[in-house]
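Going in written order, the chains are labelled A, B, C, D and E, and every chain counts its residues from 1.
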Amino acid sequence: MPRRIGRRMAAKAGLPPGTLVYTGDRVQGARITIAEYDKETFTERELASLAECPLVHGRPTVTWINVSGISHVENLEKLGECFKLHPLVLEDILNIDQRPKVEDYGDYLFIVLKKIDQDPKTGEITVDQISLILGPNYVISFQEGDGGGFAPIRERLAAAKGRLRQEGADYLIYALIDLIVDHYFVVLEAFGERLEFLEDEVVKQPGPQTLQEVHRFKNDMILLRKSMWPLREVVSRLERRESPLIKESTALYFKDVFDHTIVAIDTVETYRDILSGMLDIYLSSVSNRLNEVMKVLTVIATIFMPLTFLAGLYGMNFKFMPELEWRYGYFTVLIFMVAVAILMLVYFRRRKWI
Amino acid sequence: MPRRIGRRMAAKAGLPPGTLVYTGDRVQGARITIAEYDKETFTERELASLAECPLVHGRPTVTWINVSGISHVENLEKLGECFKLHPLVLEDILNIDQRPKVEDYGDYLFIVLKKIDQDPKTGEITVDQISLILGPNYVISFQEGDGGGFAPIRERLAAAKGRLRQEGADYLIYALIDLIVDHYFVVLEAFGERLEFLEDEVVKQPGPQTLQEVHRFKNDMILLRKSMWPLREVVSRLERRESPLIKESTALYFKDVFDHTIVAIDTVETYRDILSGMLDIYLSSVSNRLNEVMKVLTVIATIFMPLTFLAGLYGMNFKFMPELEWRYGYFTVLIFMVAVAILMLVYFRRRKWI
Amino acid sequence: MPRRIGRRMAAKAGLPPGTLVYTGDRVQGARITIAEYDKETFTERELASLAECPLVHGRPTVTWINVSGISHVENLEKLGECFKLHPLVLEDILNIDQRPKVEDYGDYLFIVLKKIDQDPKTGEITVDQISLILGPNYVISFQEGDGGGFAPIRERLAAAKGRLRQEGADYLIYALIDLIVDHYFVVLEAFGERLEFLEDEVVKQPGPQTLQEVHRFKNDMILLRKSMWPLREVVSRLERRESPLIKESTALYFKDVFDHTIVAIDTVETYRDILSGMLDIYLSSVSNRLNEVMKVLTVIATIFMPLTFLAGLYGMNFKFMPELEWRYGYFTVLIFMVAVAILMLVYFRRRKWI
Amino acid sequence: MPRRIGRRMAAKAGLPPGTLVYTGDRVQGARITIAEYDKETFTERELASLAECPLVHGRPTVTWINVSGISHVENLEKLGECFKLHPLVLEDILNIDQRPKVEDYGDYLFIVLKKIDQDPKTGEITVDQISLILGPNYVISFQEGDGGGFAPIRERLAAAKGRLRQEGADYLIYALIDLIVDHYFVVLEAFGERLEFLEDEVVKQPGPQTLQEVHRFKNDMILLRKSMWPLREVVSRLERRESPLIKESTALYFKDVFDHTIVAIDTVETYRDILSGMLDIYLSSVSNRLNEVMKVLTVIATIFMPLTFLAGLYGMNFKFMPELEWRYGYFTVLIFMVAVAILMLVYFRRRKWI
Amino acid sequence: MPRRIGRRMAAKAGLPPGTLVYTGDRVQGARITIAEYDKETFTERELASLAECPLVHGRPTVTWINVSGISHVENLEKLGECFKLHPLVLEDILNIDQRPKVEDYGDYLFIVLKKIDQDPKTGEITVDQISLILGPNYVISFQEGDGGGFAPIRERLAAAKGRLRQEGADYLIYALIDLIVDHYFVVLEAFGERLEFLEDEVVKQPGPQTLQEVHRFKNDMILLRKSMWPLREVVSRLERRESPLIKESTALYFKDVFDHTIVAIDTVETYRDILSGMLDIYLSSVSNRLNEVMKVLTVIATIFMPLTFLAGLYGMNFKFMPELEWRYGYFTVLIFMVAVAILMLVYFRRRKWI
């Protein structure tokens, strides 16, 4: 997950506002999909670039323009012209370091969101900035990626499933945002599994790499949380219907999405709390193992040091050492040594060291 | 206590809203109990499934429909039709990852709560999602579990104890919520006992499993707290009578429940603070024991190392070592060794190591 | 100080509201004291139980009814009847797990407070729940304990000291609350002394019991704080004169009490911060002592291990060891050993280990 | 810096409000200075006690009465009578455990502040409670100390420097508060130097006394902060001109003082954060030194234990030990021992232990 | 980055407000640049000092006066006279310990900001206080430094790039503030790189200097954050158009700057969280290395102590020790010793110590 946000913003320092500079890394071919639908009809066409304005204003159908691959600035400029978008909106669409936000420009709402996904192969988290424009009868969506993420909506539209075809552009926006929020749960589930696995590992066989894993997990939570709090704000503002572009019946659906974001945020906060606890466990298990090591050392040293001393004592070469002459001196010393060892062992057993 | 919330929500990603999917694990036979009562009369019947609408609107009695086992989607659909419930309400009833919340749909209030219980055998905490619908003269309650939890209310209704039979549907809702909140105290009491036990253990004989216990306790508190803060919000909104469905005389009772939730939240926060302190105690007691172990090792080593050296010294095989020839050489050395040992012991006693 | 709040509340789970159950532990004889006064007169009488209503409504005097020992439910029921108290008020008086709160029932205010005291013998903190009812010309106070705590007020009333006899029932309530808040300072002073003592101990001779003391202190602060924040809220609401039962001239006095509660809360927060710092000191002093122990061990081992090896070397029984035959071999080795020891000591002195 | 606040407040428990009890420690001779000024004139006189009221109300000049040494209760009572001060105001002036606050009594404002100073000799921080009363054309200031702290204001008045002589009583209050706030910066500068010194010490040669210094510093910051937050509140309320006694032109100056208090609070918070970081450094440097000590021990033990064993092996007295008879047995063993030692040293060098 | 703020403010204690004292360190030659422009024309001239007022009020062009090197108080006084600036404004411009703030003086807005920069050679962070005054058709900017930082704006003005020449003074203020905020991103990028480098180092080869680096980084974040929160407040107030000097069309641009400051603050908070996690990693890696050292010591001691004891045993000089006489006694003991050593090694391998 990217977190060096400064770099990309930094590249723009000193440029006049409204300069269209794409701040992302990936460059790919643009793809523009235009869908038009009402209760009865649904048509879809795909273009590589825009020659003319895709919308005849005033038509009763809903038009959904999806732009995948925003690095092609010409398309954006064309769209900005057609829909009279403010230069700052165009600039924000290209700047992929935006926070999730909603802005009311009167004729249209401008919404920025982050779509997170998990690479099925590497398990890595990817973040896609999604910009949405909601007009009275049109929706424009911009994506960095290839737009495959909106396939379920397209299918529901084509199949006329649910209420999607019966409602207006605001319901389409709701469906898109709902999909994005649901993706957070897919990723959170993967994190949940990882968390359970880590909890086991911390208790059973913690090693230095366990800690690094916990640390990386924590950083992921920090970043996830960073995109979720403003998301919550966005949905809350849509639900409160600050713009007349959102119908009252749709606001109820945004309320539902809002509840979902709260559940997701709660989950992230819970994961963070649990991870903090795991660090304590880890540190104390390191201490415990040190204790254990030290006990082994102490037990060994405490048993063998007195015995070695005794052996050394009778290894002295004094002329006059009466014990050395005794018939059973050696055996007496051996027995004494065993007694000392047993005594020590009993003492350690009592202190629960062994 | 479950905490992997993401998984269940994740299963729904991409589905149109209003799709009725039960997200819980347990499947059991549904049981529908319909009670009707006013001051004079009380009737109760039990059904396995719904064939017709259970309520003739406009009757002066209060009707309480309790649905246990929400996995049977047909009953839910039937009820939704009879009472004109919003599709999102039906969806939320089935989605057991809801946060406690209250929603005003004009004709009725939709309330989601979490009922916690403790398994008397295993001591494990279980969480049941309770959905309540309050209409002008009816209450519908949905439970995942077998509905045994509402038995005290049913008994009070049957026995005409208290004010329950004399008041309307809003008072029944109050009684149900009060019961749910009281259950938190039952569970908190069990936690309180466990906490006292743990505090003793941490001070007297802490081991690695003590820490894991503290950790698990802490996680339980995190989860408990997560369901209690929104509960507080729910009760607060009911108390403020945002809906005309709540009578003024009943609001006073909700105020009382509100005070109870505050006490419960305070208790959880206090437990959390105390648990944090216990971690400190645990870590420092581990350090203290390490200190103790090291002192034993140091005392032994410091006494026996010089003695062993002395013994080794007179075990050397030099031709010319005058002490070895002395008559009382051996005894002198023995006395010197005892003196050294005593000196060391005195030194350690002074430093309070032994 | 009690903190297992759940247990007592738990005993009531499932009972209908308004059921009068005393949740406290102590049972003692009830004592009812009824004082009536105005500027000129003051009468006081004491009863064991209530036969008739103690107040003829509409009299110009102020009546103060103090009930000590609330476990005698009959008296409470009688009073509830006389003064038309709401069943929930009676229930709350008996439930000693209330949070400090103020409730406006129109005709009267219901106030719950916690009076803390310190047992002069054991030094233990005790908590008494005080319930106060303020009517237009009467005050009713309920205590778990024996009511000795209000003696200073009774004396001031009898002696006509200060403004107490010249003002109404709201000023009496002020005087009672002021007394309760002042008691917090008495207890905080004792804690302040204990804190200074502990700070000394942590620095000079910390042991495991020091840590437990700090831990217990911290828990006491958690509990004290828990009762002080809602107390602040209570006094703030009285000061803002949300009820007409509080006269404007008296509100100024409540402002003064409010300032005192703020000072007390500040003090508790300061103590908590200082205690947190003490834990750090403790842990690091444990580490320091471990360091010291380890240095002693290392110094001893580092000096005697090479010497013992040397001694062992010349204790070997090889046939051909030329040094053994030398005239001054023994003395040379002795001098070499002393040199090694001195070298080591110099090295350790340099590293500041000894 | 004093922090046992409870003791002094505790002494007043049970006394009726308005009882004038001085809660401070220091007793000294009172000194009353009365200055009267307008644009043209400035007169000043000094009294030991008050015989008559110092102000003829309605005069166009500004009168500033400064009372140093508030333990002489008679003066206070006389002033209270002259200026019709509320008994609670007089009580608060004597109670030196007040929090900074401002209270509007209609005719006059009552302001309590803390003036901090640093003893130039011992470096200790002292706290003086300053009480200010602002009337339409008079200011009364009360101090525990000897009043030397207001000398710069007195000089500016006498010298007619700045706007002081041209403005009213509210500007004089501003000048006094500005002086008090500036004193915080003098003390913060001293703390800043101490902080830099400590940071050096923690990194270069940390000892147990370093930690105590950090701890004491932290406690000082806790106490400083405690008096600064309410100070900020006081200045903010004066700036918002809640009382008509503050002229609009003066409010701008209070805005300036407000900015200064914010800077001071920011500085204290920054110091606190930096001190927390220093504790981490300290603890880890203790751990690092322990590591170092242990490495020395391990290196020594690991080199000499095998060698001593070898020496012991050939010190055994078995009849048949062929090596002992060899011509170069002794030298072979010696060479083997050196090889073992070198091997060990290489191993440790590789692990970067030496 | 400077953090001893108290010192400079302290120098002013006791002085009357409005005294012009420069609190910064650097003194350099002043340079005054006056630019006048409208859509068609652009003129610029540079002065060393001000002889006359640079602005003829009422001209339709926008005038931008930039003062570099504010230590020359005369220029400031002259400007204050020409533009009727409040004495407190002049004082604040010279006092370089201001927090970022905006103040509305009716005719003009006074804005204080901090411009941070990174020295390209030493990598050190420098902070420049920028004061801005926005009048109806003029902007005055004051800088400590040499004013090179505003070069991009000057170039855009000269080249008539973007909307700068077509808009009024408020748009110029926006352009200046935007530039200052963009500089934060330049510095944050450098910090981001340092953070990644540090994360690597902590995991791979942490040493005491790593910790100091983390500590210094943390302190930098504390200071950065301290200047960013008030910056956010400033921009937010400009965006809300509290003054009529900001046109509605410009407010939209301030909204954009506001979003950028939020992103920057988020980044700083994220860095702080990540740094906290790094400290945990560091401490635990120190513990882990201690564990490793102790294991080596214990393994060596546990293997050689019993062996040395055995060797010592058969080095005793008792007359009667039957084993010594045995033919294969020596070899038996040798084999036994090897067996013991192997046993120990197997035991340690099992416990995963080696």
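Here, a contact is a pair of C-beta atoms (placed from the backbone, for glycine too) under 8 Å apart; a residue touches a chain by one contact, two chains touch by 3 or more.
Being a predicted model, the structure only gives us computed values, none of them experimental.
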- Under the touch definition above, the chains in contact with both chain A and chain E are none
- Item | CA centroid of chain A to CA centroid of chain B, Å | 26
- Query: If you average the CA atoms of chain B and of chain D, how far apart do the two points sit, in angstrom?
  - Reply: 42
- Going by residue number, chain B touches two or more other chains at 283, 287, 290, 294, 297, 301, 305, 308, 312, 315-317, 321
- Message: By the touch definition, the chains form a closed loop. What is the full order round it when you set off from chain A toward chain E?
- Response: A, E, D, C, B
- Query: In the complex formed with chain C, which residues of chain D make contact?
  - Reply: 3-7, 9-10, 12-14, 16-19, 86, 88, 91-92, 97-99, 101, 103, 208, 211-212, 215, 218-219, 222-223, 226, 279, 282-283, 286-287, 289-290, 293-294, 296-297, 300-301, 304-305, 307-308, 311-312, 314-317, 321, 323-330, 333
- Query: Considering the complex alone, what residue numbers of chain A touch chain B?
  - Reply: 152, 156, 161-164, 175, 178-179, 182-183, 185-193, 195-196, 203, 252-253, 255-256, 259-260, 262-264, 266-267, 270, 273-274, 277-278, 280-281, 283-285, 287-288, 290-291, 294-295, 297-298, 301-302, 305-306, 308-309, 312-313, 315-321, 353
